[in-house]
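Chain IDs A, B, C, D, E, F, G, H, I, J, K and L follow the sequence of writing; residue 1 opens each chain.
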Amino acid sequence: MAKILVLHGPNLNLLGTREPEVYGRETLADIDASLMSMAQEKGSTVKTYQSNHEGNLIDLIQEAMAWAEGILINPGAFTHYSYALRDAIAASGLPCIEVHISNIHSREAFRQKSVIAAVCVGAITGFGWKSYILGLQALLDYLEADDRS
Amino acid sequence: MAKILVLHGPNLNLLGTREPEVYGRETLADIDASLMSMAQEKGSTVKTYQSNHEGNLIDLIQEAMAWAEGILINPGAFTHYSYALRDAIAASGLPCIEVHISNIHSREAFRQKSVIAAVCVGAITGFGWKSYILGLQALLDYLEADDRS
Amino acid sequence: MAKILVLHGPNLNLLGTREPEVYGRETLADIDASLMSMAQEKGSTVKTYQSNHEGNLIDLIQEAMAWAEGILINPGAFTHYSYALRDAIAASGLPCIEVHISNIHSREAFRQKSVIAAVCVGAITGFGWKSYILGLQALLDYLEADDRS
Amino acid sequence: MAKILVLHGPNLNLLGTREPEVYGRETLADIDASLMSMAQEKGSTVKTYQSNHEGNLIDLIQEAMAWAEGILINPGAFTHYSYALRDAIAASGLPCIEVHISNIHSREAFRQKSVIAAVCVGAITGFGWKSYILGLQALLDYLEADDRS
Amino acid sequence: MAKILVLHGPNLNLLGTREPEVYGRETLADIDASLMSMAQEKGSTVKTYQSNHEGNLIDLIQEAMAWAEGILINPGAFTHYSYALRDAIAASGLPCIEVHISNIHSREAFRQKSVIAAVCVGAITGFGWKSYILGLQALLDYLEADDRS
Amino acid sequence: MAKILVLHGPNLNLLGTREPEVYGRETLADIDASLMSMAQEKGSTVKTYQSNHEGNLIDLIQEAMAWAEGILINPGAFTHYSYALRDAIAASGLPCIEVHISNIHSREAFRQKSVIAAVCVGAITGFGWKSYILGLQALLDYLEADDRS
Amino acid sequence: MAKILVLHGPNLNLLGTREPEVYGRETLADIDASLMSMAQEKGSTVKTYQSNHEGNLIDLIQEAMAWAEGILINPGAFTHYSYALRDAIAASGLPCIEVHISNIHSREAFRQKSVIAAVCVGAITGFGWKSYILGLQALLDYLEADDRS
Amino acid sequence: MAKILVLHGPNLNLLGTREPEVYGRETLADIDASLMSMAQEKGSTVKTYQSNHEGNLIDLIQEAMAWAEGILINPGAFTHYSYALRDAIAASGLPCIEVHISNIHSREAFRQKSVIAAVCVGAITGFGWKSYILGLQALLDYLEADDRS
Amino acid sequence: MAKILVLHGPNLNLLGTREPEVYGRETLADIDASLMSMAQEKGSTVKTYQSNHEGNLIDLIQEAMAWAEGILINPGAFTHYSYALRDAIAASGLPCIEVHISNIHSREAFRQKSVIAAVCVGAITGFGWKSYILGLQALLDYLEADDRS
Amino acid sequence: MAKILVLHGPNLNLLGTREPEVYGRETLADIDASLMSMAQEKGSTVKTYQSNHEGNLIDLIQEAMAWAEGILINPGAFTHYSYALRDAIAASGLPCIEVHISNIHSREAFRQKSVIAAVCVGAITGFGWKSYILGLQALLDYLEADDRS
Amino acid sequence: MAKILVLHGPNLNLLGTREPEVYGRETLADIDASLMSMAQEKGSTVKTYQSNHEGNLIDLIQEAMAWAEGILINPGAFTHYSYALRDAIAASGLPCIEVHISNIHSREAFRQKSVIAAVCVGAITGFGWKSYILGLQALLDYLEADDRS
Amino acid sequence: MAKILVLHGPNLNLLGTREPEVYGRETLADIDASLMSMAQEKGSTVKTYQSNHEGNLIDLIQEAMAWAEGILINPGAFTHYSYALRDAIAASGLPCIEVHISNIHSREAFRQKSVIAAVCVGAITGFGWKSYILGLQALLDYLEADDRS
């Protein structure tokens, strides 16, 4: 039974409340509920957190070293400059998957670079709230494969 | 009666206490008092906050979506790298004006770029503590014009 | 019943035969079989092709305009310079998802940029052969959501 | 009683005649009238000029050394390359304030840089024709403060 | 009957008098005569001007807003830095075609970039004085097509 | 009687079938017919080819060394990276003219650079399908002038 | 008796618990104890803090203006982007020394640049936990020299 | 008895037929004959191919995995952008030596970079057709040394 | 008897009137007098002009083709961007020497580059008003040497 | 008993004789004496050399392979370009520590980069002549730790 | 009978004594002996020198103008910055061939550029000590071909 | 009576012996003789040195601190990278003038930058051997002016 930390970066608490044509109508609560229900089906558990504070996200990753087996993170704007978040993920030793709601590769130049990517197993970008679902599936598969080997 | 959120970024709480020849003798309390008095004269209200924490500033912007009609911000050093602050301003949907005490355009290269500018109505830089006064005037004018149209 | 074109770019025919510790032991035939079986389960069909010729991939995309509803592509090395492939995807009008076996974001600089990304719905990178499975799922979900709207 | 030179750079004579949704409906004559009326109220005078010729603007700045106490300039497209204009402002020894009708910081890259900024007291950008009004106020305040010190 | 403004930028008055192996033997007067004769044949008129002064060219473009239907311009060296000329063309709202006698794309790096291009319908480069003839034809065709639609 | 090779690069076979507001309604067959008819009028012949394969275009250029007197090419996306095509044009020794349907100079940065330009006589960009007509005229003029000298 | 503020940036609380071959076996508590004992020997005192929150580090620096005579800081990942931390150090007016456990100069490009360096007296990098010991010695020497002069 | 694949990239079939002062008078057939005769002397065999098609060269490298012990390649213009060719060489696991007829290091900037170099044992550039002879000798030496170890 | 055109670029008419510690106390009239007297001694004549208008300087260079044998120019701020001035010098066919009062090589980056240099015989920078004297001597020597050869 | 080579790069023989406010009053002889006395206290020996010749420094490093256990180097201006010095340090296999009298990180851009850093254990910068003392201590600690392990 | 100068740049005297898995076991003496024996076989002579001093290598090249017919050089680290060495080779007028033991093209970025290449006939890189043998053969061939022509 | 050190950098001893059409026919001895004779006339003395060794030039500058009042230097290729030479000039405190025989500003990009310029009074480039004569005159004038002030 895999235990997963799900982290939502800055401003993602506004999901579903503004610009639905870009970010969809699902709220963060909806997404968290979907992830929990999917985890339950697969005999796993997720704990979800959102914070606008880089330091909180780092604290949560460090605490997760004691209980979690994997991390699913949408770093929001921290994607582009938080080397501290990157170091936290690397130091945790936990497999981490990066998800983005919209396709960061097609955005303005400064938005295309992820300083987090190099310390993640993989990335899923562009599928709206379903990026999270695909990401959780990818993480559970990864942990299962790891278990067997 | 316009309601305005005034935000002061990191280290601006030290204003007036150090290097007066560069940053002037007005303390942040002086500036806040001037803004409040000016707002009162114009039948408006301002709430002012200072924080050294990027996350706090973002929280305040998000909370302001429930009560404020505009934002006046001196992002301090966050001007140059806080894409999270930028996203918060954009997501809030509130008109925002960026002010700087000294002329950032004439500083060392890395200081010239504002990652906040693209999501603001306009910017006022270089007039000492009066940048705030001009900024509040510009914001009130903007809101009034918006009202009439 | 969705019809999907699956394209494998240059050198991907060698998958599973060399450097299994990096690229896994699944051959392209194995992957194609998995995709077909998954498609069948979901009442869809996939046609799969591999080519080392940029022109062939473009021809296949153009022909797919007559029969396919979506494209799943691992552009291989073309990811980094084939603007012709990019134009073909854009001109086809078909939703396209880009997959990569390893995490291109963590590779040497020149490998990080995808000239294809801007014309794709989204991207899935870093999950070995399962990037394809996640990609197909994402594409079928996308088409279904599109259908309903 | 402060004497101010107001300079409008190339193409600004077209203000109010084209693309009102971007540049507003105020003509340059309207703006000049507003500035004059505001100056009169404050016991000051302004002289205003527009030119499409870089050399004319430089000549006007040099002549102003004999009569003016400050300069308010909207350099238009010269903002981005006229080092000669910059040198004229610097050589005049007069305090200068740069104004822009739209927010140059949010424009395409080459338009963001101002080669004039480093020789100006400050800048006001993004407030339509009111950028001029705010700029004149800022300049008069600056001169008054200077006087007292 | 289309009315066309033809503008020749700095130093083009020397055409035909120096370096004929590079710039050909046709003088500017010859070219203007050819353009006039061609215009006459097609029931159109051209007015031609040459100036070494950026401001004059801008003035001419602004005046043309009152009488001309299109602009044919060889911006000469202004191609590479005159954002003021670019703004004038954009503000005029007139369709503009950029011509060059030699192939600017094959010149030294700084000469390859045209800051004018983005506000022009198209460009014709490399055909000696015939670039003008082709340009006039392209402009007349463009105006005619526009008329019909 | 001049013999001309006309080459259309990748995806240009789709011309006229998609996005007519950008690329017009003329199909490649229409354009080829126009070029042939124009050539016939002028006592010349054109052979036209389209290919999505860089290698095919190079083969055609090499074969044209045996029969053609000039090349008219719309390199499509190869414009931006095919140094092999560039070498083929240079090695052929044939005068070559580059045409583009839309104005590549006004596109996103990576699209502005042509690696082909330096080996061409000149370029014509931005006039829709008429870029080909102007290009053929320019090439025939060039060959005629060359003949006489 | 010098009073020193010692600051450890993000993720440094994990020191000694992971990757000992890179970062050594000393925990942060060990390092703090060594610094305290060394300070005591030299008749000085140190107060040590670790935080994953940029804002906390800035608050601590501002508070130190009331009691400390110098700062010893290992900014961790903030080294590379926290201009706010940089401003706090500069505004405090306290002499500051930057230490790093591993040699940042030999790391990947983005890690080599320190935005903090320009506001520090000096830097000590690459000596494992002894970087702190050398840094404290350097700071005490600096304060003593300053005292005498 | 070593078996060697010799590959000639785009436009190299024209060798000896054009610009002999730059590329020499030897045709590709002459070079192939020299390589074959040299191979025979040393008890080895070479198979030689030329193609203007990137895909063909990749196919040939993949097929060579079944029979060849080394590759000698002059990638022509593909040197500068074909990451697909690079991947094919790397994936083949065969030792590869890169040769160039002229000194690419002394050419225009874009021509100096070889994206192939990093996956080759070594490179020989600048010796006309003798670059091939030196390259074959180097490859045979390399294989012999490898055999002995 | 050599005839020399001396040109002073924008803002140089202010020489000697401001910042004497940087630019010296000699006025432009003083410098012109020195040049004339020196020319007279050497049996030559100079005509001197100053203009803040790029177009005027170009006109003067073109007119000088009819009477002058050489040009001595201090292009002032035009040094850094006036490609039109550069083209005028090149087109004139006259030997030109570039002088600067202060050492442009030691200025801020954008000021170090001269776009004029490539079309000049040589440059003299950093010697105050004596740069002109050295420049005139260099030009007269150059013309004399040219005469003899 | 550790034997240490101390190297002073170009112009460091002038230390203490010029600009004492920047570089202090200690001469190189003073510094060498301090290092020798410190070494003696710790039962070690140092040999010190200064040279303005890159080649001499390399020769000294190569000779030190026969007798020294560590290197302390202030490379002076060679810091920024001497890849030969870097190679000598790397090839020597000796642990090396880089010291600088002033803080190179806060200098002009070109001065910030050290091409030596990547082959050194660590670096100490900004503490005047005490950088050497701290460096020697760090080196002796390093050698002792190495001995014990 | 060709006379050849062989030059080994800085640190190459250490060849064969350190890191044999990278640089091989051959010492510089071994390589020199091989070159001499090969030269003797071919009726030529070589003189070999190694120096860590850029100036010495330049002196040797200048002296060689009096006796040598060609130069074989492994510039070592000078490859990357010694424009003085480059000028010496160019000024000597002697054909020069550049050799490298390992493949500089696959090294870290700063190592890939050779400032020497543009003044050499060609380059041979990546074949261990045999790069010298291949280089000598290439040089003798070159001189012989030159003789015959 | 001013005492001047004249330094000629690497390869300048070859002046007058090669490529006279570029570098003229004057040998270094001729130039030295001219400088000495000119110095004598003006009651001054010059000592001249040439070296291919960067270290020698630095030694000579340091020794000149004891006897010379100014330096005239043609740094040759060291112009472009010798920060050590730059530091020596700066440390000497002597006024230094940089001369170049040909116009470095019009050379290939890497040759345009002088790392020496920022520490020199001024520069004279492009006048063949007369650059030295003009340079000596400029230096003597400079010293005389300095004397009087």
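Convention: a contact is a pair of C-beta atoms (placed from the backbone, for glycine too) under 8 Å apart; a residue touches a chain by one contact, two chains touch by 3 or more.
Predicted model, so just to flag it, every value in this text is computed and none were measured.
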| item | value |
| --- | --- |
| Labels of chains that are neighbours to chain B and to chain H | none |
| Same-site or different-site touching of chain E by its copy chain I, using the half cut | different |
| Separation of chain C from chain I, taking each centre as the mean of its C-alpha atoms, in whole Å | 63 |
| Distance between the centres, which are taken as Cα means, of chain J and chain A, whole angstrom | 47 |
| Interface hub residues of chain B, defined as touching at least two other chains | 53-56, 81 |
| Contact pairs between chains, per stated definition | A-B, A-C, A-G, B-D, B-G, C-F, C-H, D-E, D-I, E-F, E-I, F-H, G-J, H-K, I-L, J-K, J-L, K-L |
| Contact footprint of chain J on chain G as seen in their complex | 103, 105-106, 113-114, 117-127, 130-131, 134, 137-138, 141-142 |
| Chain I-touching residues of chain D, taken from the complex the two chains share | 53-56, 58-59, 62, 81-84, 86-88, 91, 93, 115 |
| Residues on chain H engaged by chain F in the complex (per definition of touch) | 9-11, 13-14, 18-19, 51-56, 76-78, 80-81, 110-111 |
